[in-house]
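I am attaching a structure below and will ask some questions about it afterwards.
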């Protein structure tokens, strides 16, 4: 059994705790959180030990792996200490909001060739993964265009937004990773933003909607559409258009029931509301990939470099938003 | 140009008038109806002559073909006279409600090897025809089961029902023909009926819902579900299940627009309401088949024998309803 | 924690073992099977004790509940002994193939007012349950017609078929229960069968396809279509047609991915292949219902009487198949 | 009857000829084309007079309206002469490739307050129009994002491309108009282009794929995705996302038939192949709008100003392609 320590007991931390508890070859050994009651609550739920001292947890030689699910500003520090303690790490996105800190982190840990996986859960969504696999298998010929639609059901609290690094680093980061997952290297970025949803978001200097265009090194184009609010739930769609065909992942519905009546037909329930419902299987598959990588000492995917690459695109999008120009990225 | 006389100016007569007027190789020459104002109204709309005297119309040697769209009790007489006058005939279903009269009609006209087509318009629906063609081409292997769902939006007036010959001869007759179209000969019939829609229909001794089971000579099974009322429009679906696959024709929608909101998703407008909307293209294709058959002197399909075969099944269903037994038909 | 003993380690037994192991308020205490290696294999997988002696298991006072998942001929005996031992019981369908034995069983145990639940898993399928709930809530007005399509991907071995009690008691029994779940009491049954799939099935005197028609006490009609073979997987659909609308549960797909190319569009992967995939969530929900009923001492649904009612319809269908008549059932 | 003269007998001219011939209140009076055989062929098909002299046609006082469907470079001249001759005009898009000539044209004819309609046929597609109407009716709240996917089945001949004005003025012009139709005034334009389809197109200095982003005066964002090649037919989709819901128009299929087999399920035929199939009803509705406008002397929509507005966006997109910058448009 892989012994796992969880760092951070917020919403996403609990998702990971449940995934670890449900995995046949992993167990939750420790739960760390500076808030003792939070650590104890999650620990007791899964029979783990609780601690408010990360170093004490890292000192436990029986711990194989650490999941970093704490607030973003703490990621680099905890990740670095975990790597130095010889643990494999699954780190939630983003590594950090500041690319300089990300690079400094890697300068610190890279020589150790650490096993670090990034928590881009959507790569493990069965529908998106199927598209990636079929594209890779050549089923639609050369990939020429990608369309990503990604809308959250409701905006986060303004307080969260203020420290989130902005829409591109907080929300679009997942879509940048999905684009990279399908397209490989990206060389150009353009973005337009909008403030249509929340005056509070505008007040803290962020946008709440965006359209981003990317060009890959191979010349393919990608579009990302974001909104912080979506009246019908969690809108998560992906289209890959190639020279010989097209693959599309539609939104997912809670059941297969359809209604017909005098006012409408083929009517389904609203789409799955948010990431816990939509990406539940993805979180479990993500953890399974991490566990397998640790067991085999294999390189996980996505890794630290993937986390950096998505942040580079987020930074480029932010620059494009300021300047109105297409921004070139990469070497 | 094929010169066509229309007998009967009711709802279905007007459908045929429009189809003839819109056909590039046919023209409406005469409109006959015992009600002079009706005949004149339709005739003037399409530049045809009007008459209340069928014999006068049949005496016009320039008329090539007659469409019999008058009330059912007049079909046999008008059909017989038209054949005797040397005209090709497209006769609305059913030929008659009484199989004895149908057989007597054929005894009277059969020797002339007349060109008589039956108005089973659904055979010309592009979706149903595609299923028939793909089944015939072997795309789903051996045909083993057929499911027909056929529901009208609202019951006809009780006065009409009283003289309609009953649900099986009036409404299910189309479904019997569709089953024969797909399955070939049928050897067993069972029916259950219900009275859930209209007390008036029950008062005149008819049913307003039914489930019919058929067995073909090849051993395949078919199910027909009927209702005289359907809250969401004209429910017309067909499923062909074979040894290697299945083909299904879903209901048809007015546009491709779908709505998503807080209460539902993928919601479409109601299905097409009734036969004028749903089967408009079928009526035009039916007429085109008739015109081509007359031009070439070829045997049309469906023909008189097809009209008789569907009536045989309707009679068997009525018998099964009375006796509760599976009824054998055919030789 | 509810302590559960599993009787029978075949395919369906293992489904239950996994569901118990995954339930937060239940644990697998014992695994009984006359084949010791089978009992030990499943027991060791979930940390339970193994036994080839059912009485020894029933003598364990710490066992709260028994799941009877052994071969059908042993159901009545094990169920009876478990009830006498004071255990709550979840019994797989059918109770027995012989209605006389079913009634004798109840005569033996009924006075104890036992907590016995029947394993009609499809009642717990989220889509079918949603339809039941919305019908009950009046969303489609009065329920008038039900259409059930139920086809297995491939026939079971002929050896199994020979002792299965026939298609109606082995396979259609689920559909009879679904019809009862939606319609309440049924008063008339008609059936036609076919032998199109497997000569071996015909040799043992059974059919491999069927169409069944039912009438409820309220006058609604239902149709069931069965086939022992379905080229495209496990075909499980349900339609409820009411006076003001219709609800339909379509087949379920592994992902939401659709393909468009030169030869087809909107093309999905094949439907989920068989019951383990399609009804996984249903088995878990079924167990949860059972656990909750035992915890509360509440009457589970479906119960023993539901198991008997479905068998009555299976017997009536078999009689209709022999006689070609509509068979009346019930008081 | 409205007497219509057709200028230009190419592919799109014949579409208009058929629409006029099929309209109950219009008739094709004249067909003009500098190629006499072409003019005569179309004229004889519909019983019209043929001419190679546009002035002669315009001199016919019985002609009410002119449809300009000639090559783009002739539009301004023919439109101007038709207006001077007092005719109502339906002019194919684009008015001209050069905004200066467009403005000069209006300077010449605007004082006459002419009845000029632009041939943006997609505004009359029943699905797109339904979306526009429901957006206008407030069904999805405030319109915030528009997604237009528009791909042609195959690139036009390189010779055509060389004189087409480029992708934005030739193909995207329709999508610009659709965006304006939904969003009203547009204030910002950004474009990226690609050359993935045809080396010949690259050789003549044009692109064969593009992604365009627009911002409306109200702050809404729109995305357009174009490709000159689409393996699965004519891809024409439209999504309107609002504060309370979303409307989407999917691609359209030739029939409602779906196939299920061992390798796929819910599989439909390819989408409608090109504009004659997809937009047939739109062309007829467009003509009907024109006829009604002429009859009533009402302002048609889209009009000359709409034609100019779409060209302004095309020019801005071309500038953005050159400069990599977001381009501001409008006052």
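The letters A, B, C and D name the chains in turn, as written, and every chain counts its residues from 1.
FYI, contacts are C-beta pairs under 8 Å (C-beta built on N, C-alpha and C of every residue); 3 or more make two chains touch, one makes a residue touch a chain.
Note that the structure is a prediction, hence the values are computed from the model and not measured.
Looking at which of B-C and A-B shares more C-beta pairs in contact, the answer is the pair B-C. Comparing the centres of all chains, each the average of its CA atoms, the largest separation from subunit A belongs to B. Centre-to-centre, using mean CA coordinates, subunit A is 58 Å away from subunit B.
Distance from the subunit B centre to the subunit C centre is 41 Å, each centre being the mean of its Cα atoms.
Shown for subunit A are the residues in touch with two or more other chains, namely 140, 231-232, 244-246, 251, 258-262. Here subunit D touches subunit B in the complex through residues 126-127, 130-131, 134, 139-140, 244-252, 254-262, going by the rule given at the top.
Those residues of subunit D that touch subunit C in the complex are listed here as 231-233, 251, 253, 258-271. On the subunit B side of its complex with subunit C, the touching residues are 140-142, 144-145, 147, 149, 151, 188, 190, 192, 194-197, 209-211, 213, 215, 219-223, 225, 227, 229-232, 235, 241-246, 324-326.
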